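This report refers to the structure that appears directly beneath it.
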């Protein structure tokens, strides 16, 4: 067990597990975001968002989530550095014309940087005012006071440039996932000639559901909820 | 039908492992489209020798696609612009008259250049030596039919075992990873009862050696299986991952 | 010259057991003190080196390639024979033995062949234990097929890549010993001389092909497993690097070279297509199981085809000459290789050949596809058809394949006794490099069997019988006079080559040699032609040593220099082949003398005069070699004229 993470496959295992963990986070996140579309002035969404601020989640799950991101990013960087070294200093003058290779699979790190950049904006937009500075406005339902997260989101998504940014971020995530999803299962060894095709199809479908889901919510908020 | 074409060749020349290396450009006229790529290289070399120049060094041997010796990176692809072939099986009918062809050695930190287009692939032997075998000595083995093996398993093992060790997988991999090569051997033996006995040990030792030799980490791009002249599948990589993780978790 | 074959006493079937029961052995503590040099890493070399290592000897193993796995054994497609009799069709050790001697046209030593048949079964067991993925039936047991006209199904196979899988098995066993430290592997290293000390082979001079440096290596015994010399013909199915140089070094040190003229021409190769061609591609003769061989019946049809005015599919059935079926009704398209090859040559020489050169015949799958369906044919030969299409750009499912014979395997080689020891004490030869088991013609799927038999099951025993007397011989350092002298001689030879600075490339001279060999020492030979060949080869030798141009220097990698040193030895080989073919005034197996044929064009052996192995002894660079005879006696096999009608 001791040296498992010292090996190439072990490092990939960490990428795979942290990636799949982040995938489950995306599912939860998208589910809650869908509540933005409930036409009740944001009450359902606010209650759900408030649930995410419960101490157990805030102090229990958030660090884990944060850890997931950190592991995924750090190991991605380590692997990329190692891989560049393994590729060697001399580059092919004639480039690489290998056909039938998914573009995303060769650009995961770049896509990851795109997603991370978007993530930073996203954290500044919402996580900071909601969970750190508590600068967000409040609202009270049934005597319970909470942040009016909906208002914050709604205001943010009234600006076209931000909506555009969120759409771009979502697309980056989508492309990242088109390779990342099936790749995670391949790394875990849950793949063979049959399942490989299945995972690829499932992965691409999943990636687009997630990506289009986030993007669509932002666009709908901008267009119909102002 | 046979045709003659003229070509411009941009060929990597490097005197030795420490030389910096450079491209040289050569013109070649009247190359029959029926000739193989390596026969075209022979024609070039004959021309160079007749001019009193040193011919281009390149690896080749059986010239029928099985020894795994030939290893040219042609116009951006290992083994050139045809599918499921080695360089020696590539024919000039795949090229157009007047075309410029760029010919490079395999490039990867694991395969240092020896001279011109020849690289050192000893790392593959070292990986096999680390565990790519069944530990049985000559003699004293059971009858060949003592253990029935399902045909499906035998066929799948054969597919994995068809690897010729040419290194195209490493050459094309953006990570310089040798996972397809290693996984082909691990799969071949793990699928057979004779090899299963030490499957865990083998997977661990071969992966450790592969890492030690500086090959990159697999990111499942699948470029290796596209360029593999023998069509070895990356399902073998999944099996290697499985065998390796199982072995490590059992420790 | 001492040509004692050392055949053990006793009935044929007990000789090997008797030998093993009475031979000398080396105890484990002494094995550690003994060094064995193995040259070559093909089936024979890798299996021998691995087995010696497992036994505890110190082994040094050399290959000219970058990895042992590149050896040309890897290219064998069809399969490996064994007398397992799994299909219950009447096979036995005796029958395999008998078929091999008969197939070899009664020019092999019975005792050796019987031992080969005896150990054939062990080979299959060994390979399966190594994880060789032989083809299997749905029940999980091994599948067999009939091969090359055998009446029983005794051929084990792994798709069309049997040689590859067996070699990888041996290679893996070898790499296991490399890992264990018992075998030191020297890749990209060529043997340039054999070192003799007190009349025994005690080491080799090697040249590092990457740095150009010379090395001295000591061994208590030296094993040559360096394959055949078919590349003397320039065009052959051998790999580009296959060469007979180590064997010639042995010959020059006093090892007899036996039956050099016995070279096998394989009938199913892709025809020559141009002067730039570098090698010929063999297609497994299993194709003859379902393909029918024909040429047009009318000369004008053949001429029209050659001119590109007619397609083979346009020739009506009644205008096709299925000449093998016509001449040999009993065996038809499955006659042995030499018979099929000569028949093709006969038709082409008579003006019925097809292809642009007229040197090709058709191998047609039309009736097989009609009978079995395209899918069945695809399942059997798909990879071969694909290979053909890649090379020729023709679809063999629609239009017949074109084939022509090509040099493929050399039965002749270094003379060895029953222990596989040459006439030089301490020097052994295994696999295709020796002359032993195939007589004048090798049966399909028997080369793999012989290579592995020698390496796994024969040499590990017989070499001990020699080494047992050597346990107190201390290791030499390589600084002894004999080593130093041998190295300077080898260096001088390379310097001499570099100093010629002539006008012709190595390949151009090699091609010239090849044409002479093919024209006069090829499929059909005659006195006049062979005498001419000897003359022409002498001229080529002169041309080579005065006019070859080798760019570059002896330092670092120099491919032209490697090729030149090998060509020098091919010239010697070519001369030997021609002399041997000239002296052997009979037709047998791969050797066909036009003067010795029946009215129907069949080979005529002269058993009363030529039932011996011709062993040539080197006399010096510019002197004709001297021939000695090892008489062959047949105790068990009844000598008869082969008849495939």
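Letters A, B and C name the chains as they come in the text, with residue numbers starting at 1 for each one.
Everything below uses one rule, namely that a contact is a pair of C-beta atoms (placed from the backbone, for glycine too) under 8 Å apart; a residue touches a chain by one contact, two chains touch by 3 or more.
Keep in mind it's a predicted model, so treat the numbers as computed, not measured.
Chain-level centrality, scored on Cα centres against the all-protein Cα centre, points to B.
When chain centres are set by their Cα atoms, the one at the greatest distance from chain C is A. Per-chain Cα centroids separate chain B from chain C by 26 Å.
Here the spacing of chain A and chain C, counted between their Cα centres, is 63 Å. For this pair, chain A with chain B, the centres built from the Cα atoms lie 37 Å apart. Across the complex, chain A is touched by residues 10, 12, 21, 23, 73-77, 81, 102, 104, 107-110, 113, 172-177, 179, 207-208, 210-211, 214-223, 226-227, 233-235, 237-246, 248-249, 251 of chain B.
Chain C contributes residues 47, 50-51, 54, 65-72, 74-75, 84, 86, 122, 124-131, 133-142, 158-159, 161, 163-165, 168, 171-173, 175-176, 178-179, 185, 187, 210, 239-241, 273-274, 276-279, 281-282, 386-387, 390-391, 393, 456-457, 460, 505-508, 549, 551-552, 556-557, 559-560 to its touches with chain B in the complex. Chain contact summary for the complex, chain B toward chain C: residues 2, 15-16, 32, 34-36, 38-39, 42-43, 45-46, 48-50, 52-55, 57, 59-69, 82, 84-85, 89, 91, 93, 114-115, 118, 120-122, 124-125, 128-139, 141-145, 148-151, 154-155, 157-158, 161-162, 164-165, 188-189, 192, 194-195.
Across the complex, chain B is touched by residues 1, 3-4, 7-13, 79, 82-83, 85-102, 105-106, 108, 179, 182-183, 186-193, 196 of chain A.
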